[in-house]
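Both of the next two complexes hold subunit A, though its partner changes from subunit B to subunit C.
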Partner chain A sequence: MTVLAIAADLWRHAFARKWFLVLGAAVTLFLVFVALSLRLEVVDGALAGMRLFGQSTTLEITAVDVALRPIFKATAIILYYPFTLFLIALCAEFAPSLLQAGRIEHMLSLPVRRFELVLGTYLGVVGLSALFSLYGAGGLCLILGVKTGVLTLRPVLAALLGTTAFATVYSGMLAAAVLARSATSSAGVGMALYFAGVLAGYRTSLAPMMSEGISRRVFEAATAVLPRISTLGNVASDIAGGRAVSAAHVGGLCAGFLAFAAAVLAVTMWGFERKDY
Partner chain B sequence: MSLAIAVRDVEKRYRTWRNRAGLCALDGVTLEVPRGVAFGLLGPNGAGKTTFIKVLLTIVRPERGLLHVLDGDPEDPRIRARVGYLPERLELPAHFTPMTFLASVSRLKRVPPLRDGLFRLLDRVGLASDANRKIGGFSKGQKQRLGLAAALVGTPDLLVLDEPTDGVDPMGRVEIRNLLGAELARGCTVFLNSHLLAETERVCSRIGIIAAGRLVRQGSLEELCRAEGRWRVRFAEGADAARLADIGFRTAGEEFLFAGDDLLALNRALDRARAAGAVIAEVRPDEKDLEQVMSEALTPAPAPLTDPEARP
Partner chain C sequence: MAGPYRRSRRWPWLVAALVLLSGGAWLMSRGERMPRPKEVQVTFPRHMSASDRERLRQRRRPPILAVPEQAEPGAVAQPAPPPRPRDPLLVAMPPTVDKVAMVVEANAIRHSPVGELLLDCFVGSPEDDELGRLRSKTGLDVFEDLDRVAVTDDAIFVSGRFERANWTELFPGMKEQTPGPSTRLWKREGKDGESALLWNDEMLVVSQKEAEVRAAADRLEGRAPPANSAIDEDDCYGEIYGVVASKAVASLFENSSPDVAAKLGSITEQVKLHVDATHDVGVVADARGNDAASALDLAKTLGGALALGRAAARAQGNDNLATFLDYASVHPSASGSFRVELALPLDYLKTLLMDCPGRKARSAGSK
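Up next, the complex of A and B:
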């Protein structure tokens, strides 16, 4: 209950800030733009024509679900990569502002356990990321579904994978915030973890490019524990693009991401329990 | 006697990577605060006052020592729900309005955030007209008042206030003093940490003085301010100071001091003064003000004199 109250407060804090309002407005504008300006002509389950702002676009007659695949794939990639980076920058300030001198003392004097504070902040931020991702992806699916009669949840699944990646990165950001109480450090750790995770996804193909010896072993050891951001990104775009993906592979990847996040959160809570403010 | 705060032998050191031994902030502090009283903790900067408060509320973890707040463990959220705290430099969420902030504190204290109740709290601290303004535009004094309102959420049994009138205008100070008086009358215990001695003297009935992490004085205001065996006498204009000095009255500004515990001796001296033509305007026990008490408590005792010849 307390954890949810803390998460809800974080949402109130977020929706009172202009950047989140801008983000919400941007996603809404994009959806309105798609809904009002795009006309799709569907004949017997095939996309026969497309009009954008009244201008017809020539295209070969294709099955609707096949024609929509590149759009969904592009949406998944946008949500997974640039949107996640944007969220890292946007959410870096939450934990440090909660931990700032004069505020954390007040929070800790309330009947709130320290782990609840960490967990509430974490869930609040991850929930916020899920909300925007699902709003964007879900809205697009709904609009295109209404226009074409083909309703698919694949982009929504891809958006959830994007949220999983962000949740993992944010665990590291929260740890940095607890350690250093700085938004810059938190964002820095988030970016570093994100790009290192992208590299980790290609570790098996990158490692042979390094000369054999200590440097390769250090690279392999360092990337072994990192979440494979790019691997999950590829899976997300494959799912959105309609390619068959093994459920066991996706499940295993997500489990690895969540295990990483849980381990980092556990260490963060342990450190936070021992910290004086 | 029921105690609101019972602290025994608490020690706290701030350790860093460089200084493993650490800086001693509290050195074996033992303190008891009965329920329903106002207790003032005084001391110079860096004496350990704020650390003591933070230890009480488990914001800072002590090295050793026993802590009981409202007959329970301060780690217990049920105990903390009965404590209201105003930190020294309160930072408030700038995007919130006072109502949303108090509602948030209410939810975390597991008190239903009823609009009327929260509005009454804002009214008590003089912020009713600013209930729906963003906190970011508040002055320091207004933030302090809002912090006090937050401390009062849930009708706490113990109020811990660290410099509550910092940045508050003189009229606001009077209002806060009245508010604390009302809380005391309700049976609430007030633990006050303030640099303003006059304010502490007006609000608190018990005082503790802390210096270099040690509690050097503790007791009721009366006990601490009483100067043993001394009387302050004011004579009407025209009294002969030289004759009064012969009788035993020492001048202290416009008044006179008479040393001695014996009431009969005092009366005899007063009779002789009257016989000498002096007119008595006022006689009262000589009491020190808090500034004097603090100054005496913080002045190190002179080193014992040693005989250089006695050294080996």
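Up next, the complex of A and C:
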């Protein structure tokens, strides 16, 4: 309960800040833009025409859910990659500001254990990112569902995978925020972890390109523990695009991501316990 | 907090981190080897490719005989333009058909992934080698000697290498007629019409109607005036190509979609069909409507019918059919024509042919 109370307190702080309102407004504007500018002509479940700003964008008549797959895939990719990057930049300053001198002492003077403070902060930020991802993906699904009659939750699933990726990256950001108390370090670690994770997703293809020896082994060992951001991105795109994916493999991948985040949070706790406030 | 107390509380976090990191690495290494479905590689034969053009060029032959022109008395004879080399198979085919004129590139399909799949399915076990027995009896290896098979309303045309064929075995009971300059003709005695024609040891024409065979011989030997073929040279691309009367196509939909069948039969006359089988199978059907508005209306109806069929297949749990229809699309144009594209992924065909006779025979033989 204490963890949830801390997360709720973080949400209150977040909504008091203008940039989260800006984020909400940006997602809303995008949805309004899609709702007003996209005109779809559906005949017996087939998409017979798609117009954007009055211009025809397709000359192909095909099953509407098949025709919308590229849109759903593009949505998934936007929610997964650029939106996650945007959240990294946006949330970098958040944890250091919550852990700034004065506030942290105040929080620790309350009947709150340190791990609850870290976990509450972490879950609060991750929950916020999930909220905006679900708002964007869910809103788009609803708009396209109303316009075409095809209601699918696949982009929402893809958005949840994007949240999983962000949750993993944010664990590193929080560790940097706690240990260095610097927004720049937090953003730097987030970006580094994000791009290293993208690279780690291609480790099996990249490793053979390196000359055999110590460098390849170091690369393989270092990337083995990193979250495979790009692999999960491909899964998100596949799910949104209607491709069959193995639930066991996706589950394993997500569990691995969460284990990595938990490991980093454990390191964060180890560092946090050392500090005197 | 006192120092020793803090130290005793901190180390479990590091142990937990190490365990979680190792566990995460193991889980992710399993997840990254995710089996991904094979990409469907469909080439939709929408126009003649450079290789199709080269294939056509190599098949062209100059006419064997020119039709002698009868000059009027006193008129100055104009030099005739040199006869245009043409593909003999197209020359042999009738200029018009009521239902169908279709060419199958048998040899190309035989050596394609689809061909291998079909052979695997429909050719029996080595002990039951029907085709091998046919080869030793008639000298004809249907896998290697046949190049193309064409079908029209009343005749079948086969091109290939027939030098080693034993015609007495191939046409038992048929009597050879007086040969032409480059043709041999057989006719069944006591039965009306059934005839066969061999041209230059490279093309065979078989029909139940003697007139069809004789007309093909006339066209090949220049006794008939030059005329366009039922299939235009520019339409000779893909592994299967030709024209089908719209009414014949419409009859396929009469039970399932009577409105589509009625529109198809009334708005269009002919459908041009092209199939590519180099990887997964791509099918393209082009139709031209009587007027642009009706054609667009028909295109939308067809698109709707395909989408409904796909949704119904999905609802009934027929995933194979739904997968096949995933790749179906209709492309209307402003000029009143439209194109229907379908794809048959090889994996889909493999699933369909899972229990085909050849495999059954082989598996029964191996037990």
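The criterion applied here is as follows: the second predicted complex is superposed on the first by the 272 of 277 C-alpha atoms of A that agree within 3 Å, B and C clash if a C-alpha of one lies under 4 Å from a C-alpha of the other, contacts with A are read in each partner's own complex, and residues count from 1 in each chain.
As a convention for this text, a residue touches a chain if its C-beta (ideal position, glycine included) is under 8 Å from a C-beta of that chain, and two chains touch if they have at least 3 such contacts.
Note that the coordinates shown come from a computational prediction; the quantities given were computed from them, not determined experimentally.
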{"item": "First (subunit B), second (subunit C), both or neither touched by A:6", "value": "first"}
{"item": "Touching partner for A:78 - first (subunit B), second (subunit C), both, neither", "value": "neither"}
{"item": "Contacts of A:250 with subunit B and subunit C, given as first, second, both or neither", "value": "second"}
{"item": "First, second, both or neither for A:112, with subunit B first and subunit C second", "value": "first"}
{"item": "Greater residue coverage of subunit A in the superposed arrangement, subunit B or subunit C", "value": "C"}
{"item": "First, second, both or neither for A:228, with subunit B first and subunit C second", "value": "second"}
{"item": "Contacts of A:267 with subunit B and subunit C, given as first, second, both or neither", "value": "second"}
{"item": "Subunit B versus subunit C as contact partner of A:102, first or second or both or neither", "value": "first"}
{"item": "First, second, both or neither for A:179, with subunit B first and subunit C second", "value": "neither"}
{"item": "Footprint overlap on subunit A, comparing subunit B with subunit C", "value": "274, 276"}
{"item": "Residues of subunit B defined as touching subunit A within the complex", "value": "14, 54, 57-61, 77-78, 80-81, 83, 85, 87-93, 95-96, 100, 104-105, 107-110, 147, 150, 160"}
{"item": "Parts of subunit C lying in touch with subunit A, wherever the complex brings them together", "value": "1, 6, 9-10, 13-14, 16-37, 299-308, 310-311, 325-326, 328-333"}
{"item": "Touching residues on subunit A, where the partner in the complex is subunit B", "value": "2, 5-6, 8-9, 12-13, 16-17, 97, 100-113, 274, 276-277"}
{"item": "Subunit A residues touching subunit C - in the complex, by the definition given at the top", "value": "43-48, 59-64, 66, 201, 203-204, 224-225, 227-228, 231, 235, 238, 243-246, 249-250, 252-260, 262-264, 266-267, 269-270, 273-274, 276"}
